[in-house]
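Read from first to last, the chains carry the letters A, B, C, D and E; within each, the first residue is number 1.
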């Protein structure tokens, strides 16, 4: 995807002017109903995470062996799990992890990727070629090995699951962003900055990076959903949140699969929550992409 | 001569987040058979959109033709079905686009792009179509045309690409060619080559041409009649000689004065038209040029000027056009 | 020429193409092939020529945006080619640029105020924030913009206004030389004249020196003191503007001049024109001898064999043609 | 029911044999597909549900000298290797020499089990004699080990590693093929010495990792059984879906998850704290509840409940942490913690291995139990492969961690070796030294009288779990084997390593 | 062009070498070793002495550089060595699994392509209509389902509703093509659908961009039909990013289909990968990473060649 002059302009147009943000939001909602639905889903998720303490009728840890595996009922709206813990309450609390990991990992992955992609495009030549080959090497590695290496080098914990998920995203984002940055690099304002005697770091950070926002945002939203899914699949390595703390991914593993047939609510609702979150972020990301590309604008 | 094309009160608008852009706002002009008519005006005044409206190629759904008639050979093009219109495009009316770099498909060979129109409109077989394509390339002065058919646009220079566009337009012997800034992207020497070619062809084959440009020099050299556009309207019309010798609209006058000319002594200062072109989505109630006009009177900011016809079809839309008659051009 | 602000000597810039880490380049584009000229303080040198003849590349080499393949660029007595990155940053303040395209030469994500203040801050020209704001207003005023424009983003300005910002940005560094790379080509005819007047005005007030690159010969004639005509990476002719326009010596210059249409049908009807045959040859494989000979209306055998040197045919009037 | 002949027994195996060499490996992934190709000297009686009674396999009979130091075995005649050669005592001796006195570069993981053996002799082709260094109550059982395949002496003489990648045994089934990652096929050995057996024409072991896929296979009757274990949830789902087409055998399982408490760390060096950790656990009600969701069930001491050496429940209830009154127990736990100076809300990390079943539910349960006496425990899972190296084997790395003990045969010597002092035993992850325990271990091991041995074992149990609370027992694992109604002639035992020769198994039409 | 291909081709080798070095080092950084996994994880007694013997046998006691050079030397002779876990030659371990994974990857890619291209074009042509929305929702839905959850649901659904069971033993295409296809069609559909999502969205957005290019307007001005414009003028231009995405995914499909393999009981590279790593089977893991990386790098290379085939500007460089 080449970034054209118009794209860059329109990004600025869509991005900054504060006075018009309400208008812009309204326009976005009117012109991109799917994107607006996505945005709503994200908003709900954020609100739930922020107000979990008020929304959840139970503590996430309270066990009730008398109510093990009860189907959804008046006391437990979405049923209970194998320890009699309230599925709804655990989902409400679990939204926090989903958001932190989703946002954290995708932000780090996309941002570092964008930085590398932009710098690689800016310096070009041999540096670019070497950086790209390094990215190739990184892409060839399966997630599980990288995740294990993160555990080995950095240890476990929430922040490290974020790294483990972010690292494989970096080369992917770097690739996509680089292709846009190549076009930005040829923009006269970058030359102007060079002619003004600015340092390379300044040019990359201040002048180029903000202008690859469109691919960056698309990658970011696409990664967000993936990160939530990946977090769950890495918990057996000790990464991320561990039982008995509530997290969507954890709720979907182990016992939920075990009891998929006899107590399907245990996995169904958190699975649905993840799906909706991924849906929300992707719908929003897609539409944001359309909204940022002037050539795709219909109105 | 008979009227080939008559555009009557054409209105084309774009819906944008900033509001309705009246890109073409009640434009009327006509082209006779075999004649070369120019449409001039500054960037963004609606020249291209009016040509695209004739082809009914305005980018939908944002852009819409909201009113007027486009009578071509007695038929109103706006009333044709999409299928009928497809037959008109390329067959009766051909268009040469502004950007030769991007208007050719980079992944198809020159031959493919030249022959497909012939195959569709004239029902030629592949062999006949290639023979014709070679002939066309030769006609527009591309050396070694047979070998060129297998090449791709990026292997052509800018001038060659523009000539290729001309060849494509000529393919089905259209009655009218809409040439939208056919040379803006080219430098002077190539520009001269292409324009000479077009003029020559139009004379020899009797094709009518609508040349769109903002280069007044080009107009002076090639056009029979001139329409000057400003902010979506025609503000002055007449034969080329009249317009240059006796401009009756302050904008035309300003335009002629602001460009340095090789045939004049060097001036100490140029005389620019002060101010900025108007925003087409927020046009003032009166004359759109009024805010920049040195001859402005009170009425100009309140009432849009009527088109006043002078001698021999020289029309201008200005309340004070009469008083301009004495102004020297430079 | 001791009073030369800038002196370009035997500038060569070749772009290798198709080369990689392991393979040799498959060819070179001879974008500039031995160009020499100088610009005196306070004068405007016009640089004209067909598209692709190397005008922009010359400008970029002077700005050190491209490293020349060989040759020297002596600015205020210092050869810029030999400087390292840090030294260069200091010299760069003194040589500034205005680009052709007002739409893409301003960073769309920065306000006008930020664009103008940034060099002041980075180079420590105005260290204090208040002073900087003051200077930004001053600059805006100098190029005919309003103080409130500093809060705007480039897309909120018209093309002409953007080009003014581009000029203000160049001025912010207090440069001695400004390379104007087709500063008005993208502008609307009705705005062109405004910008040209502004450039002239600034020159007389601030004592600036311009290298004015353009392909519109009428504009160049208007603004330049001297004019250099380039063809395929070489200078074809260089002289005072009067000499160039009134008595062109090089056949290419003559063809160029005759191709410029004049906005007057009466004159046009009478004018004789030399329409050049053929295309601009490729800078990948320049013709032998005089690079212009394949298109030249008066070429003789010698032209295809021997490269014509740039000769001073009359005082101050240089041309590279065997027949001049 | 009289056994019927014919048919192929298809079963799933959740893991695949790494190599084919029994004495070198420890996984059931080897036993399940490979055991049918071999015989051992003794075997555990395939009809004994406690899995403790050794009977002869290729040994016809045996005698024990009165000093308990010499065991002499008479071998069956007419036992043939699959290549037709007769098996004699020389093969048995070679096989055992490889296990007990492995030459350099040959790994025998169970060498330590046979430290007692001084010498193996083959006085004649049908006699084999073991000479011991000291009397051992467990020696006969150890010869019934399912790993000790009888290999061919000639082959071993040529290449000690040959059996790592080849099969050549005397067992009821001959080898057909092993498609890596997919399946293992064996077919009836027509010349099997035990005339009339096997009943099956052959068997096919499918290597299927995914648990759900295994359950689906049983449900769709693509697989007739699985010999490790299914879960309570599987049992419920399969019973609902298949009705009388499926049956289950259940048994206490000779595996248990333990809580290793690191004695080198404060405050866990204080036995009051360790006892409090045990007192906090409501084992008796967990037996009811956890058994619905995990493969655990019985409350256990150091021996598998229901087996001869196990402590009966009534006696067990007297031990610390096994009291039936949980409120009293928890009150005592809080008191002990307070006395030891551990504040309310004391926080520590419980390390767990990244293996879901049953590690995860048990950890959740433990943490919840400890929470109820005012301890704030976080779980840290460590990937299974790194767990021992980075946690258990590193005394600095953890405070309290999940540990695992599993036997291939129910025998105190094997099952409680783990608990003797750290300096004698690499597998003690409490990092304590307790000479009393060491002495008791040795005494029970050498006791040849059952009553005497029982007494020592009780003392050992009391010291380990109550007085010192060195280690905590969670619940005994519980094995649930699904069998298609057509499968007969197989008896569950407490070990998933036992009873897999398949010679007695038959299929009804 | 030949230069270009040659250059791209030669570049594959240093990249692969980088992969080799990195995987070698990473595996040694990750804690746990194969001997521990083999002898400590079964809950049975194991002594350090036995483990030392095993380590020596696997050569794990040698210095790192020596292990590395041994491995490299083997690789130079196209010898991947033997699996540390099973002792069998790695080529033997991989033979069947590679075939299966490759076939599944190809089939899934075909499914994904067949879904993505028409749907993407449709959505682009009908931008912002309900058809566009439906296509987008359909494609995102494939991505939104957590795969392990989807896997369980799929097994249950097939079992209960269709009474379809995953085959227990893979039949090679060369043995019985029909049965082979019958076995693989469901997983191919499932995987293809899931991975069509990104390609569909890419197709849509690339098509949207191309449809607004000037040359499409030129084509319309010539009076061509929409179908011809789409197929002749737009498709080829829009294919480049789609090919990139499909290429990237293909490499992933080769080694990353763990859940699918579990669900459909397929004996492919994905499960083997996870097992090799969880066993710390260095040689096998290294071989697998190298193979997947080669596929990835080769597909990358092939994509670039495809670019050149599609786009003459690249071809004639």
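Quick note on the criterion: a residue touches a chain if its C-beta (ideal position, glycine included) is under 8 Å from a C-beta of that chain, and two chains touch if they have at least 3 such contacts.
All figures in this text were calculated on a predicted structure; none of them were measured in a lab.
With contact taken as defined at the outset, chain A and chain B are each touched by C, E. Averaging Cα atoms per chain gives one point for each, and the point farthest from that of chain B is the centre of D.
Of the two chain pairs shown, A-E and A-D, the one joined by more C-beta contacts is A-E. One finds 47 Å separating the Cα centroids of chain A and chain C. Between chain D and chain E the centroid-to-centroid distance comes to 39 Å (mean Cα coordinates, whole Å).
Averaged C-alpha coordinates give centres for chain B and chain E that are 53 Å from one another. Centroid to centroid, with C-alpha atoms defining each point, chain B and chain C lie 31 Å apart.
With touch defined as above, residues shared between interfaces to two or more other chains in chain A number as follows: 148, 151-152, 253, 257, 260-261, 298. Across the assembly, chain D contributes 212, 383-384, 386 as residues in contact with two or more other chains. Contact residues of chain B toward chain E in the complex are 55, 57, 59, 86-91, 94-95, 97, 99, 102-109, 112, 116-117, 120-121, 152, 154-155, 165, 168. Residues 5, 8-13, 15-17, 126, 129, 187-189, 191-199, 202, 206-207, 210-211, 213 of chain A are the ones touching chain C in the complex.
The touching residues of chain C, counted against chain A in their complex, run 20-21, 60, 63-65, 88-90, 92-93, 95-97, 99-101, 103-109, 118-119, 122-123, 153-156, 166, 169, 173. Note for the complex: chain B touches chain C at residues 42-44, 157-160, 186-193, 196, 214-221, 240-241, 244-245, 254-256, 258-263, 266-267, 269-274, 276-277.
Contact residues on chain E toward chain D in their complex (touch as defined above): 30-33, 36-48, 50, 53-54, 56-57, 85-88, 92-93, 96-97, 151-152, 155-156, 159, 163, 165-166, 168-170, 262-265, 267, 271-272, 275, 277-280.
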